[in-house]
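Got a structure for you, written out below as structure tokens; questions coming shortly.
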Amino acid sequence: FAAASLKNAIEEIVGTFNGETGHNVTVSLAGSSALARQIQSGAPADLFISANVGWMDTLEEDGLIAPGTRADLLANALVLIAADPQAEPVELSPGVDLAGLLGGGHLAMALVDAVPAGIYGKAALEGLGIWQAVAPQVAQSDNVRAALALVATGEAPYGIVYATDAVAEPGVQVVGTFPADSHPPIIYPAAILAGHEGAAAEAFLAYLSGATARASFEAQGFVVLGEE
Amino acid sequence: MGWLGPEEWQAVALSLRVALTATIFSLPPGILVALVLARGRFPGHALLNGLVHLPLILPPVVTGYLLLLTFGTKGPLGSLLAEIGIVFAFRWTGAALAAAIMAFPLMVRAIRLSIEAVDPKLEEAAATLGASRIRVFVTVTLPLILPGVIAGAVLAFAKAMGEFGATITFVSNIPGQTQTLPSAIYAFLQVPGGESAALRLVAVSIAIAMLALIASEWFARRAGRRGGGA
Amino acid sequence: MGWLGPEEWQAVALSLRVALTATIFSLPPGILVALVLARGRFPGHALLNGLVHLPLILPPVVTGYLLLLTFGTKGPLGSLLAEIGIVFAFRWTGAALAAAIMAFPLMVRAIRLSIEAVDPKLEEAAATLGASRIRVFVTVTLPLILPGVIAGAVLAFAKAMGEFGATITFVSNIPGQTQTLPSAIYAFLQVPGGESAALRLVAVSIAIAMLALIASEWFARRAGRRGGGA
Amino acid sequence: MTLSVALHHALPGLTLDVAFDAPAGVTSLFGRSGAGKTSVVNAVAGLLRPDRARIVLEGEVLADTGRGIWLPAHKRRIGYVFQEGRLFPHLDVRRNLVYGLRVTGRAVDDKAFARVVEMLGIGALLARRPGALSGGEKQRVAIGRALLAAPRMLLLDEPLAALDEGRKAEILPYLERIRDEAGVPMLHVSHAAAEVARLATTVVVLEAGRVLRAGPTAAVLSDPALTPTGPRAVGALLIARVVAHHDDGLSELDAGGVRLFLPRVASAPGAELRVRIAAHDVILSLGPPEGLSALNSLPGTVAEIHIGDGPGAIVAVETAAGRVLSRVTRRSVARLGLAPGIACHAILKTVSIAAEDVGVQAGPVRAG
Amino acid sequence: MTLSVALHHALPGLTLDVAFDAPAGVTSLFGRSGAGKTSVVNAVAGLLRPDRARIVLEGEVLADTGRGIWLPAHKRRIGYVFQEGRLFPHLDVRRNLVYGLRVTGRAVDDKAFARVVEMLGIGALLARRPGALSGGEKQRVAIGRALLAAPRMLLLDEPLAALDEGRKAEILPYLERIRDEAGVPMLHVSHAAAEVARLATTVVVLEAGRVLRAGPTAAVLSDPALTPTGPRAVGALLIARVVAHHDDGLSELDAGGVRLFLPRVASAPGAELRVRIAAHDVILSLGPPEGLSALNSLPGTVAEIHIGDGPGAIVAVETAAGRVLSRVTRRSVARLGLAPGIACHAILKTVSIAAEDVGVQAGPVRAG
């Protein structure tokens, strides 16, 4: 089970992994919350890669993950994107006048109380001390991709998305990266689930931290964490 | 009102407004399209039929995305409409549009079924009494298909109350402007422990829809009694 | 078949299987419930009516979640059914169940409208010829409501082809097992650059639904011709 | 008593309060539009559940609201020809016809089927759907459908109203055969006196939801007070035996020793027939008629004279053939000096007796 | 020519190929079930679009398929009483009645409304819906609905079949008044000869989709060859002028110098009436009748004798009142030695002439 935003990388890695080891790993991609709930309801999953820490914490508290297998797999960065190709880069420092920049327009984000990208984004804006100012202009989507689409279609002049999403979209311009200290680290934790069967899960988790996987992840713009 | 926060009440009010608007505004085109599909025999028949069903077939996200492309401020129709002052993007009107489009196939089907059940002999009789086609429709066909229209409206209303995927994709989720009940529920469900808050909203949602259902049954029965035993 | 990968073909095949299963298995209960709602006058009428409409009103995620709670391996019904060998959780059968439930209100409405349009005088005539209530239903009512049944089935099929929210919440998105077309489309849309792949799948989805629509129109017209001009 | 009906039912605008017994044979419900005929028939069929009712068919209680008995329509095995057809629009004519057999798991008797189809003249329509039939064709198919279900009783609600004389003349003998050979009792609604006179054993006259008169056909139809459907309904029924068929197309009958000439009848010599003689077709003559084209002359004595409200009077003449009624003007009564006891001849043209006036005798026709 | 119809249309099982002209007054389509009567009427109303047709009403071309003209039904202003009612189930009786006026934005004339309601006896039903009406009540409302729309032509498809004699006798004079006073032409379908004889100016006999005979009523109905609906349809039409009404309920008429006594007619002295004398009601006598209850005796000479297939013969007697037909048996013809040129009396009972046989004269009735 993996967060849907990992699709490209994870499928590539699964392909090579299955090819190299003869295992038959299948991936189920969906929102982290849906996957977590399914695991709570007894889903036959062996490995879970969440897009946020919260759901992993919940599962850990419920005793649903195999102790000692949890690891922070990936990290991501948050960027400000603009629809206008000529947009000036923005210095994302405390107190920056984002509201002014927006004019009357909207700032596209994922749901700020629900979806990881939105939660991080809100935290970042709070970290910069400008959340109160821009909050009324925030348009929240149910996921990062939708927020990206809003900017790409020019509906919203600016948006806050993951760096990984921004790279692949030609229609938007990255105009600034939020300082890593302005928000909690954006971490994709992975863990083997309690009651898993076979050794494939361990093998695959290890493989995920390997060099091949790293290349795939990095190609998609992720920062790979953990021991080199 | 202690158990719902002000923002939640806003969502309830907005949802109601969106659903009602969507239902009311889609009724006339719904009846028209149903009429054309039920009675018309023309080359584009299958195409129109398919188009109407499209929102049912496509994942809502796709529909929302297509709406964004068409009715967004930069979209071909959106920019046109914006000039005459109709803006959908990030407005509750957009939510209503999304809901209406998603509910349209359901409404059209219900009305169409009713139209097909109308005995054309009665319409003929009306014509011999001097009623033009429009008059025949208003005075004979429409009253006779009232149960279908009511059924279509209630389906559309219920669907509009529950619509979420296309709405949030199209107009996103701005509290007080485009945050409908389903968006709020979705948001609660995304975070661990949000279930109870979501449940409260679900209950409100169900209550409203039930009221609408009961009202529709009452209306339909009245209409049915009027036409009954013919 | 170069332009669709094997996994995508799997999704297409699975979606078809899910939608067909959902449609076929929900037809008998759909007709039954429609009959009860159209003809029955009993205390729980409004409740049953509401229950049937619930999947329409609730955001699909909620429906999926409720399904997960009820029919999951740990759920009350799910564990019961598991003992007799019926497992829904994370199987394609679960996807069919989710699709069927989501499509149920549409199907019931269509059939119910048709039932309400049947002239009870014909059923009376059948009774005087010795037909018991069940026989009357099979030989008179059912053929007369065929257009409604077909409409209901095609609505359900289309809905089942497009259903996504409840399905992915209930049975997740496992390629070859529970990855339906809409789930696959969703997954493509979640990642940068997935749009063109998603578009291909959308096209497939539309093509299938259109075929189903055209087939249904053809059937309905045949049924209509049979009953026509009466 | 084959069928016994007693019911009370309040409809908006009309309260039905009806009780009558229908002996074997045909009972006709006779009455003006809106009198409640169809409602009574519906109650017998089990389609209208009256406020209070007790309906017994051949000893079996079909309904007894007092005891909470209500046999559903499909268990009554009562065939019903509806006033408005009610054919199944989704079935072709053939399937409509055999519906009653199919649905009760009985086999179709090809001979019976062919006979009914031929009699009703619907052979060319078998593959068509009801939507493509004319009004009269629909009604004929409806009759066939009820007949072929082989019911133990038939309800006929104005079955022939939409049909022309020729077709009526073909169907009536068939209904008679069913009445007599198969012994299927019938409850029949009609406002055509000739049809009633020909078919009915018993007549029940309804007016505004109540039974105005009920009794044997001869008695009821010869009642001059009977006006719900106009004075033309009045007439006498004579019983006559076929003596011979003549070459010139006439049949000779014997009615109590009196010779009657009728247009050729189908029955063989020896058969007993009932002949309806409408009161307005009978001319009275003081002396034996001479040089007249009318072939039938029945000598007798005036028994009674009813003077009505209008210009007419009904004169009952007792003849050897039975009591004959004649409707004449009051002026003629005065001019001829008609009074009870006066001898006279009842004169009747052969051709006045239409085919539909002559029926095969079923059971005793008791004079009232 | 008020209405001129020529059409060709292929139906499964029947090819319609009909052409006739309907002059002012009432034209009756007469024919057996399935002959194509309703189809012709539908084409005139604009509800059936024939393969080929040319229909002209009072100079206005309603349809001419050759020139691509097809006036839609609602622009034809032709009232239609359907064979099967077709009332609007969602409207009460009152709204059904005024539908035609409402929908064309005309005001309801309260007097006309009250008159129609009273004539049809539907005053008590105004607030009811059609579902709660009896068969005959529905038909009466349908008649009222067509009448009240004040059309420029009326189509009547077996309008009276579901009605009893009494009600028919009330409605027929009203239809006559519409024909004569309002001058509304009518196309009328019926299989009742009396109804046709009374109303029709022109009769068109249809058989199997073709016109068998067409012409003035008197000529067609007195044609002994006319058998599609049985020999009872044959009769003569006499024109008579009301002379006086007598106290004993009789009206005295003068027909070409011959006195006729009829049951009281509604028309005032001086009015010209058409009287249908059915051939089977006329007795022939060689000498002047004596001691007979029949009041009417028309002296004349035998003009023609048609011997038919059956036992009957039609004897045409030329009298001062016009040509009278008598249906007698072949045996009587022989017995009385009837032959053209023989003097005889045509004898007719007063009461043989039913109310429905007497109509108000409209336009010339040309003998054929």
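Lettered A, B, C, D and E in written order, each chain numbered from 1.
One rule holds for everything that comes next: a contact is a pair of C-beta atoms (placed from the backbone, for glycine too) under 8 Å apart; a residue touches a chain by one contact, two chains touch by 3 or more.
By chain, UniProt protein names: B, C = Molybdenum transport system permease; D, E = Molybdenum import ATP-binding protein ModC.
Because the structure is predicted, anything quoted here is derived from the model rather than measured.
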Quick check on the contact graph: shortest path length from chain A to chain C, in steps? 1
Measure off the straight-line distance from the CA centroid of chain B to the CA centroid of chain D, and report it in whole Å. 60
Please compute the C-alpha centroid of chain B, do the same for chain C, then give the distance between them in whole Å. 20
Euclidean distance of C-alpha centroids - chain A vs chain D, Å: 90
Counting only Cα atoms for the centres, state how far chain A is from chain E in Å. 90
So which bits of chain B are touching at least two other chains? 61, 65, 164-165, 186, 189
Do you know which chain E residues sit against two or more other chains? 84, 132
So which bits of chain A are touching at least two other chains? 31
Let me know each pair of chains that touch one another. A-B, A-C, B-C, B-E, C-D, D-E
In the complex, go through chain C and note every residue touching chain B. 46, 49-50, 53-54, 56-62, 65, 105-106, 109-110, 112-114, 116-117, 147-148, 151, 155, 158-159, 161-162, 164-165, 182, 185-186, 189, 198, 202, 205-206, 209-210, 213-214, 217, 224
Going by the contact rule set out above, which residues of chain D touch chain E in the complex? 11-13, 31-34, 37-39, 83-84, 124-125, 128, 132, 134-137, 140, 157-158, 161-167, 169, 191, 193, 227-233, 246, 248-250, 261, 263-264, 280-281, 283-287, 289-295, 310-312, 326-332, 334, 336, 338, 347, 349-352, 354
Interfacial residue positions of chain E with respect to chain B in the complex: 45-47, 72-74, 76-80, 82, 84, 86-91, 99-100, 102-104, 129-132, 145-146, 149, 151, 155
In the complex of these two chains, what residues of chain A are touching chain C? 1, 4-8, 26-31, 34-35, 37-38, 41-44, 143, 145, 164-165, 167-169, 220
Chain C contacts chain A in the complex at 61, 64-65, 68-69, 72-75, 89-90, 168-169, 172-179, 183, 186-194
